[in-house]
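Presented sequentially are two complexes of chain A, the first with chain B as partner and the second with chain C.
== the complex of A and B ==
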């Protein structure tokens, strides 16, 4: 197994550590490849297909295409690639015609001819089935939601379509949805997401409600104090000890 | 050899001018805007104020709960957030025992003190020496001297 692979991306000579994804190699060269479901902190899943590129005449999802062959020749903007991405955008716009991000992408890539097809029988619920929310959720050790079903009926669901028992109410799914369709409400006392209500635990000192009971329980946090009050408690200790604190870091 | 440096905070020297907070906030923001500052001054009604920021714990709870690798310990020992990897679950905010990491909605990532990668703005802007960025050697010497002074004060019992 060679340590480095050499080749070219859009004709620009490229050298990358063996197994680097084409997406990362291209971005390192300053070549922009649009992505929706990619997140640096998550394992690649290749669901949205927006990052399609051409390698040796074949279309590949660049986010999970590892560079392993010497002399690879990747194209990120060939006619074939633009066509394919246009089709992907067209399909996704039929799911989420109102997503600002998709509309912007369709505008940027005017050549894609992205449009909503009135004949499409799909549920226009705003979800493009990229599964980014489910991947984020699986990291919280809860896996409260996941992609379920097949074909046109595939959707992100909580088990049995009921309010998810394992949900922590952390809202990371909603925050990472590329189309912003995961609805939640937070009125400062309760939080509602995936049809489930979460009571926010009040800080015993100031009453500020920041986290759900499930979040604190999952993380094993004993103190329900809000971060500001924890800081205050620590500061009080420091003041009482009248000590000099060394911030240990070997900077 | 370059000696390791440490951010040192002496609350008794703090005059509460908030320069550190403003200097810190100007790093990520073009303007001075205290809210996103990573160093904070805690004021007490009965007198006194304490500048407080991330302790860069050895056994850091935030590092333990981060599942995406967004929080990393740099070679210098400082804990840093890679904003591109943060998914915003806020577990780190919930577990920090000292409230020294926060989540920035604007930056869509957790933010914390990384000691400005070697030239902390808070220390540079502190007029009273309450926040200093000093070599470990100096701290040890100071402690030694303080101990010696306390011995002297206690008399020649030794």
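== the complex of A and C ==
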């Protein structure tokens, strides 16, 4: 297997390590491909089909398509590609017509049918079932929520539809939702998400309440600095170390 | 039971079986899915009781046993007496005394139980004439639970040959040169897959069998798993030997408990005799085989979803840019074939590729089992050489459309296959011709539809099935199918709009282009193929007319006074008293009273009743 593959993306010569995804290779060239279910920190899934591109006349999900053939020729904005994305955006926009991100994306594909359709038969519940919430939850090793059911009835659910017992209240799901579908509320001492209330533990340095008790328990600690205080503490450490090094360098 | 320590030991045992005295006569009772549903097990039980009364149980000269599917399900329960070959149809427990006393004991034809005593055998029936039973060759000849029966009819001779003299390379070469193509749907050349697995990197390697038959109305895989389970196991063992696979699984749907039972038993028997597991036939070749029961989701027939299901994860497909032969089950090199493909392997290895190519066409060699259902006179399982005409299946084997009605279309390839019109009946039944015509081979299901079937309604039915069975992972299939279903449902309810047909085609094409897996990509086929051949009927539905009289409210029945004999069957069937007429005089429909339910249409034996547009839709048209 070769170390590098050479080809072109939109006619621009491209070279990438064997097996690089088309999406990454294109982005490295500064070519933008819209994505939705994709997240750099999560395993790719290829379910939303928004990043479809054309390779040798065929549509492929660029987030998962590995570049392996020498002389590959990919197109990221051909008529075929635009029409395909128009279709999936039409479907997603009608599921989540209020999502600012989808409204913005659909704007570029309006000529390809990406608009709100009164005849659309499904629930406009704001969720596009991309599963980013479930994937990030699984990555946190809590697996409190997941996609369940099949066909149009598929939805993100907690087990048995009850408030999820394994939820840490960490908000990874809500903050990674591309359509802002997962509601939560922080009011001082408590956080409410997935129909559960979580007690928030104050930062030992500044008193700001960021983490839930369950979250800290999952990490095996009783308390933790809030991100700002942690950054400050880290900076102090680095500065101290740096001064030692510079002192030594000076001899 | 002793383990065979060497290929020669096995062959010696087979020789002994063949030389041993055989029963003078055997009464085989069909234990196929259709006959069991029709009461075949009760017939078998009654026969055994009768044999006990006659003191025949334990007498080695006479045998009564269930066997695999004999094919002609329409006329089940079936029974056949061997060696005479007398073939009994529609038998019941009450026929037991005659079948035991006359047929089994004396080999006589039981009076009254065979319609045409001059032609008492199976092979004289039109249903069997065009058939070449290769995959199903042992169905009707063996007890599926008996390894010795299997051995007596050529079983495991291929494995003995492969292990004894051919070696892995020659075994694989025979399969590659046979031109065998995957029997589960796509028709992918088996040899190319085999080569890919042989050349793969990483251990262990797996071979899998797909027995997840999920197409409504299809039961050829089931008949095979229940009728000749060893043939699948021997095929997989040969594959594992040729490709160096250590382990394998047969994936069987949970709704087939008998298949699971028969396969499990066969695996156990094969292991006990040293034909499976460690040290096969005394060699250092080992192959572990297990069964995984699927939960019955249609999508789990898709290769990557099937593997996810075996791994214990949710059965959803994954993006398949990397082939399973490179990274499949547990990311290891994996080869998956349909159970029918595997059953084809032993005879190919034993008889060579030329033998296999002696039937079928150049690019589509061999035979294929079709399940023939719908509005056809004789339903059942039919095995034909690939490349036979559709009419061979429907007209020759099936005896044409039931009740003398006109043929409208055949639907092939399962729910995501396509509909072909009556004008294409001379099309060859092979992978490429069907795909080119907008349908597909699929696993070999074929549904016959008469002139009272509405293609729009058929498309709606299959789209509804696929919507429900969509796994829901990717956007186009999950949310696009309900959109298409909504439009189709509107058309069949008289809520269609001008332009709906164009909308359906456009969005179906986009679904086909964008869906993640093969099932999603083919989910548009029911719509695309029916619009391709029956566009006129779609346009009529936009205007509120169903010419087939299937969509309620979209027609009024009209009586052709020249053809009507005044028999009164339609009048009696009408729930709204909307048909009037005197006996033996042409009848009349009262449009004001007719509720357009269609109850009368199938009743007419003289084809005098035809659906006509309703007066109001005609006006709207003008």
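We take it that the second predicted complex is superposed on the first by the 214 of 251 C-alpha atoms of A that agree within 3 Å, B and C clash if a C-alpha of one lies under 4 Å from a C-alpha of the other, contacts with A are read in each partner's own complex, and residues count from 1 in each chain.
Note that in this section a contact is a pair of C-beta atoms (placed from the backbone, for glycine too) under 8 Å apart; a residue touches a chain by one contact, two chains touch by 3 or more.
Since the model is a prediction, treat every value here as computed from it, not as a measurement.
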Note to self: Under the stated touch criterion, which partner chain does A:39 make contact with: chain B (first), chain C (second), both, or neither?
What the structure shows: first
Margin query: Under the stated touch criterion, which partner chain does A:84 make contact with: chain B (first), chain C (second), both, or neither?
Written below: second
Notebook entry, point to check: Just chain B (first), just chain C (second), both, or neither: which does A:235 touch?
Noted result: first
Next item on the list: State whether A:140 touches chain B only (first), chain C only (second), both chains, or neither.
Entry: first
Next item on the list: For A:49, decide between first (touching chain B), second (touching chain C), both and neither.
Entry: second
Note to self: Under the stated touch criterion, name the partner, chain B or chain C, that contacts more residues in chain A.
What the structure shows: B
Next item on the list: Pick one for A:66: touches chain B only (first), chain C only (second), both, or neither.
Entry: second
Note to self: Going by the contact rule set out at the top, does A:129 touch chain B (first), chain C (second), both, or neither?
What the structure shows: second
Checklist line | Residues on chain A engaged by chain C in the complex (per definition of touch) | finding: 45-49, 52, 59-61, 64-66, 80, 83-84, 87-88, 91-92, 94-95, 119-122, 128-129, 147, 149-154
Margin query: So in the complex, the part of chain A that touches chain B is made up of which residues?
Written below: 39-42, 136, 139-141, 170-172, 175-176, 210-211, 215-216, 219-221, 223, 225-232, 234-236, 238-239, 242, 244-251
Note to self: With touch defined as at the start, can you tell me which chain B residues reach chain A in the complex?
What the structure shows: 4-12, 40, 42, 44, 48, 50, 52-58, 65, 67-70, 76-78, 82, 84-91, 93-102, 108, 115, 118, 120, 133, 136, 139, 142
Next item on the list: Quick one: which bits of chain C touch chain A in the complex? Just the residue numbers, please.
Entry: 297, 299, 318-319, 321-322, 467-476, 478-483, 485-486, 507, 510-511, 513-516
